[in-house]
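Okay, so chain A shows up in both of these, paired with chain B first and chain C after.
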Partner chain A sequence: MLPPGVTSNTFADAIRQFQGIVGRDWVFTSDEDVALYKDAYSPFWGEKDEILVSAAVAPDTAEEVSRVVRVANTLKIPIYPISTGKNLGYGGSAPNLSGSVVLDLKRMNRVIEVDDKRHFAIVEPGVSYFDLYRHIQERGLRVQIDVPDPGWGSVIGNAMDHGVGYGFGGFRDHFYSHCGMEVVLPNGEIVRTGMGALPGAKTWGEYHYGVGPYVDGLFGQSNFGVVTKMGFHLLPAPESYLTGTVIVPRRSDIILLVEGGNQLEHAGVIGMPEYGSPLGGFGGAADPELRALMARPGGPSVAELEQHAEKTNRGFFSLNLQFYGGQKVVRAQWEYAQEVFAGIRGVKFNEGQFIKFPATQEQLDRAHKVAIGVPNMAIFQIGARSALNPSPTDGHLWFSPLIPKSGEAILEAQDVFMKAFRDMNMPSLVSLSSVPATWMHRAFVFIMGFPVYRTNIEQNKKTRELFKHLIQVAADHGWGEYRTPPAFQQQVTDTYSWNNHALRRFHETLKDAVDPNGIIAAGRYGIWPKQMRRQKKA
Partner chain B sequence: MRNRREFLQIGLASSALPILAGERSEASFYDSVHRLRIREVVVEMSSPLARAFRAEAVERGLDAHAIHDDITDVWYNVLNRQWKSAPGALAGITLSTSLFCLETFARDYGMRVCFRALHDKAEPGPMVSWIIAPRGIF
Partner chain C sequence: MKIIPALIGALGLFAMDAAAADAGQIEEGKQVYQTWCWNCHGEGVGKPGTQALAAKYKGSRPAILDQRTDLAPAATKLFVRKGISIMPFFRKTEITDAQLDALAFYLARNATKPNGK
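What follows is the complex of A and B.
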């Protein structure tokens, strides 16, 4: 396969020059090798629209990245940078434009610096959460990283895609918690942002802005450059960790539950609030009566669910609170949190796990590991075949609309999305007890995972249609996705259309100025090079 | 990563190649484990089939790593350390999701799945027997 608009002679010339820069061993062109860059969870698996790559190049240093980019710019070769390519559910290692050359940064896996007195790290794109965790543990450094689930991805790659974790406050918004970048621009020039622009700067990992315009945001979910180093603020390792659960009996209690959760979180009292429902999502897990109620045509009424919750003494919604800090502090915070929710009629409190660090193996085994900064792969258990999951899928797509951080918004989202599924005559992934994810510090994500199959093209087509419908339904209610697989990036960015797509047009103006040949990540989040714009938007 | 063979398509999670998929006999799996002189195995402890494999492996003096669905501990505490210094062949009987994770990690170290057989009727659910080995071995 050739990149679009590139002759075989030009492509061969590019490959030769790439080999000259990084060495022959680090340029991949065989079908077997490039096939590995396909999106494992592609909704177009086996169809003509599945995205393929033409080659891959793996530089080892920022200087090599710069030289590769210069060649690509000269020869107009589209390139697509990846860090470790494990962004499953949001596109993996696949580009938006078939025929692109993947710029694979996994060899750049150096932890440049971790400071446990000033609490920051500076890393390269090939550093995974496991790598950084091991670096910290082996040196006994007193910092806690914030990790996503699973933990095998790149620290930089996750942040660049606006990825999120499970820890304390803003730390779990991985782009928000970054501090300083080194970026190779489309012309090959290397720039450093923030304090990094000051030669010999002593505060690159500490102060975001430097002086003048703050440009870091331009490089997230975009195609204006290739990030080769990045700093991150880290949480000082807490002395202890405590959890406590608040359970409320009625569906409408979610409103006061969220108000209390917001008050505690925004004041820095708790880490990530985890909303749930003791009624479960759909099947109600092992409870046959509840499962039958949920499976009934038309579903149960709110009153029926509340009666069931009361009869079984379960409650309708729950909120798991997480406290980090000194032992006396977390005990006092839990006591205070109970006062905050005490006004909800029928509320119950259950104290959960307490850990005084370092945790014992038994404590670790019981803990929600990502909440205490321990990367792991346990989430893959969910996809395994089991009695509750007799037909595992081959992957999933994440639909990730942001809704306001309120109980009213949760109830509205439940109703709106349940109707959207009914309108499409598809089984609903949403119920009257569904709750949002809370990775963002200041908004909820009403996330849903849609199955993809490698052997069922018809089902994948239906899923794509449903996904598109939900994007539009969400936008009609003022809810936009924070992140989406490449197959839907154009549609999602189309919904951010205020003032006749003024933001898109601004992005395109920047693209034309910074990357006039459109070589970097063409089409990423709807930003196409000028020469492809009309065709790709059609 | 020291060379191209160790890099390969490093950690790409695509699992795009249907390498040796399909049913294979238990006998050929055991034969391959012995023929390749594999010293280390991973077994899913919920599976009687895997436990039987573990018993034989232990009897033969192999290192057997028991898991319960989750490969994190064996990956982080054993394999990641070993493979950084010397990638070596590994066999197992696990859930397919556990293999997916190990297969993806293995690519970071120049290894691929060279044997894969589905045991669809295993208890308590389907298991996969597999061998991961450096590319040069197969």
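What follows is the complex of A and C.
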């Protein structure tokens, strides 16, 4: 396969030059090798629209990245940078444009610096959460990293796609908590942002802005450069960790529950608030009576669910609070939190897990590991074969609309999305007790995961249609996705259309100025090079 | 006659070299396993690969991958490069061909056929 618009002679020339820069072993062109860069969770698996790549190049240093980019820019070869390539559910290691050459940065896996007195790290793109955690543990450094669900992802790559984690406050927003970048621009020039622009700077990992315009935001979910180093602020390792659960009896209690959760979180009292419903979560209801109620045509009424919650003494919604800090502090914070919710009629409180670090293996096994900064892979239990799931999927897509951080918004989102599923005649992933994810510090994400299959094209087609419908329904209600797989990036960015797509047009102006040949990540988040713009938008 | 001790010596040396090579291969394969497989396929809670294989084999085979005695190297290589269910395939920048050889050798070390070959 050739990149679009590139002759076989030019492509052969590019490959030769890439080999000269990174070595023959690190340029992949065989069908067998380039197939490894497909999106393993592609919703187009086996169809003509599945995204394929023409080759992959794996540099080892920023200087090699710069040289590869210069060659690509000279020969007008489309390239697509990946870090560890594990953006599964949001595109994996595949580009937006078929025929692109993947710039695979996995070999750049050096932890440059971790400072446990000033609490930051500087890393390369190939460093995974497992790598950084191991580096910290082996040296006994007193910092906690903020980790997303799968630990094999790239610290940089996750932040660049606006990925999120489970820890304390703004640390969960991995782009927000970054500090300083090194970027290879489309012309091959290497720039450092923030304090990194100052030769010999002593505060690259500490102060975001340097002086003048702050440009870092341009490189996330975009295609203006290739990030080769990045700093991150880290949480000082806490002395202890405590959880406590607040349980409320009625559906409408979610409004006061969220108000209290916001008050505690935005004041820095708690880490990530975890909303749930004792009536069932991801795995559905375990109780046969409740399962029958849920499965009834038309579903249960609110009153029936509340009666069931009362009869079984379960409660309707719950909020798990997480406290980090000194032992006396977390105990006092839990006591204070109970005061905050005391006004809700029928509220109950359950104290959960207490850990005085270092955690024992038994404590670790019981804990939600990501909440205490321990990377792992347990999330893949969803979708994998299990006793309850004898028919495993081949992957998933994440639909991730942001809704306001209020109980009213949760109730509205439940109603709106339940109707959206009904309108598409598809089984609903949303019920009257569904809750949003709370990774974002200042918004909720009403996330849903849809299975994809390598052998069921018809089901994948239905899922794509449903996904598109949900994007539109969400936009009609003022909810936009924070992140989406390449297959839907055009549609999602189309919904961010205020003032006749003014933001899109500004992105395109920047693209034309920074990357006039359009070589980097063409089409990523709806930003196409000038020469492809009309064709791709059509 | 003098040739025989020399031959025996040479064969012995060869055998020792082969054993050392096997041990090196197993050690390297074990490291690859720890880095790339253990987090899903190892022992303990929260291991989706172990959970999946336990549900699949229902006790007829070990659910923990490196306790298996029936994993031919070709099977390991196929799963790593093609993926299976929600386990994606692995690129050569993650697991090189040489590392995959070592991994396959390690996982086949207890196979009923010598070295799993």
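In this text, the second predicted complex is superposed on the first by the 533 of 538 C-alpha atoms of A that agree within 3 Å, B and C clash if a C-alpha of one lies under 4 Å from a C-alpha of the other, contacts with A are read in each partner's own complex, and residues count from 1 in each chain.
Criterion: a contact is a pair of C-beta atoms (placed from the backbone, for glycine too) under 8 Å apart; a residue touches a chain by one contact, two chains touch by 3 or more.
This is a predicted model, so every value here is computed, not measured.
Participant: Here chain A is shared; do chain B and chain C fit on it together or clash?
Facilitator: Partners clash after overlay.
Participant: Looking at A:Ala342, would you say it contacts chain B, chain C, both, or neither? Reply first, second, both or neither.
Facilitator: Neither partner.
Participant: By the touch definition at the top of the document, which applies to A:Asp33: first (chain B), second (chain C), both, or neither?
Facilitator: Both partners, chain B and chain C.
Participant: Figure out whether A:Thr393 sits in contact with chain B (first) or chain C (second), or with both, or with neither.
Facilitator: Second partner only, chain C.
Participant: Which partner chains sit in contact with A:Leu198 here, chain B, chain C, both or neither? Use first/second/both/neither.
Facilitator: The answer is neither, since A:Leu198 touches no partner chain.
Participant: Report for A:Ala378: first if it touches chain B alone, second if chain C alone, otherwise both or neither.
Facilitator: Touch status of A:Ala378: both partners.
Participant: Of the partners chain B and chain C, which touch A:Ala292 in the superposed model: first, second, both, neither?
Facilitator: In the superposition, A:Ala292 contacts neither chain B nor chain C.
Participant: Should A:Arg107 be classified as contacting the first partner (chain B), the second (chain C), both, or neither?
Facilitator: In the superposition, A:Arg107 touches chain B and chain C alike.
Participant: Output check: A:Ala12 vs chain B and chain C. Expected answer is one of first, second, both, neither. What do you get?
Facilitator: A:Ala12 sits against neither chain B nor chain C.
Participant: Show me the chain A residues, by the header's touch rule, that chain B contacts in one structure and chain C contacts in the other.
Facilitator: In chain A, positions 26, 28, 32-33, 35-37, 40, 56, 58, 84-86, 88, 92-93, 104, 106-107, 130, 152, 376-378, 380-381, 383-387, 392 sit in both the chain B and chain C interfaces.
Participant: In the complex formed with chain C, which residues of chain A make contact?
Facilitator: Chain A reaches chain C through residues 26, 28, 32-33, 35-37, 40-41, 56, 58, 84-86, 88, 92-93, 104, 106-107, 130, 151-152, 365, 369, 376-381, 383-387, 389-390, 392-396.
Participant: Once bound in the complex, which stretches of chain A touch chain B?
Facilitator: Answer in residue numbers: 25-26, 28, 32-33, 35-40, 56, 58, 84-86, 88, 92-94, 104, 106-107, 109, 130, 134, 150, 152, 375-378, 380-381, 383-387, 392.
Participant: With touch defined as at the start, can you tell me which chain C residues reach chain A in the complex?
Facilitator: Within the complex, chain C contacts chain A at residues 35, 39-40, 44-49, 51-53, 55-56, 81, 83, 85-94.
Participant: Hey, which residues of chain B end up touching chain A in the complex?
Facilitator: 1, 3-4, 7-17, 69-72, 75-76, 80, 95-98, 100-101, 104-105, 107-108, 125-126
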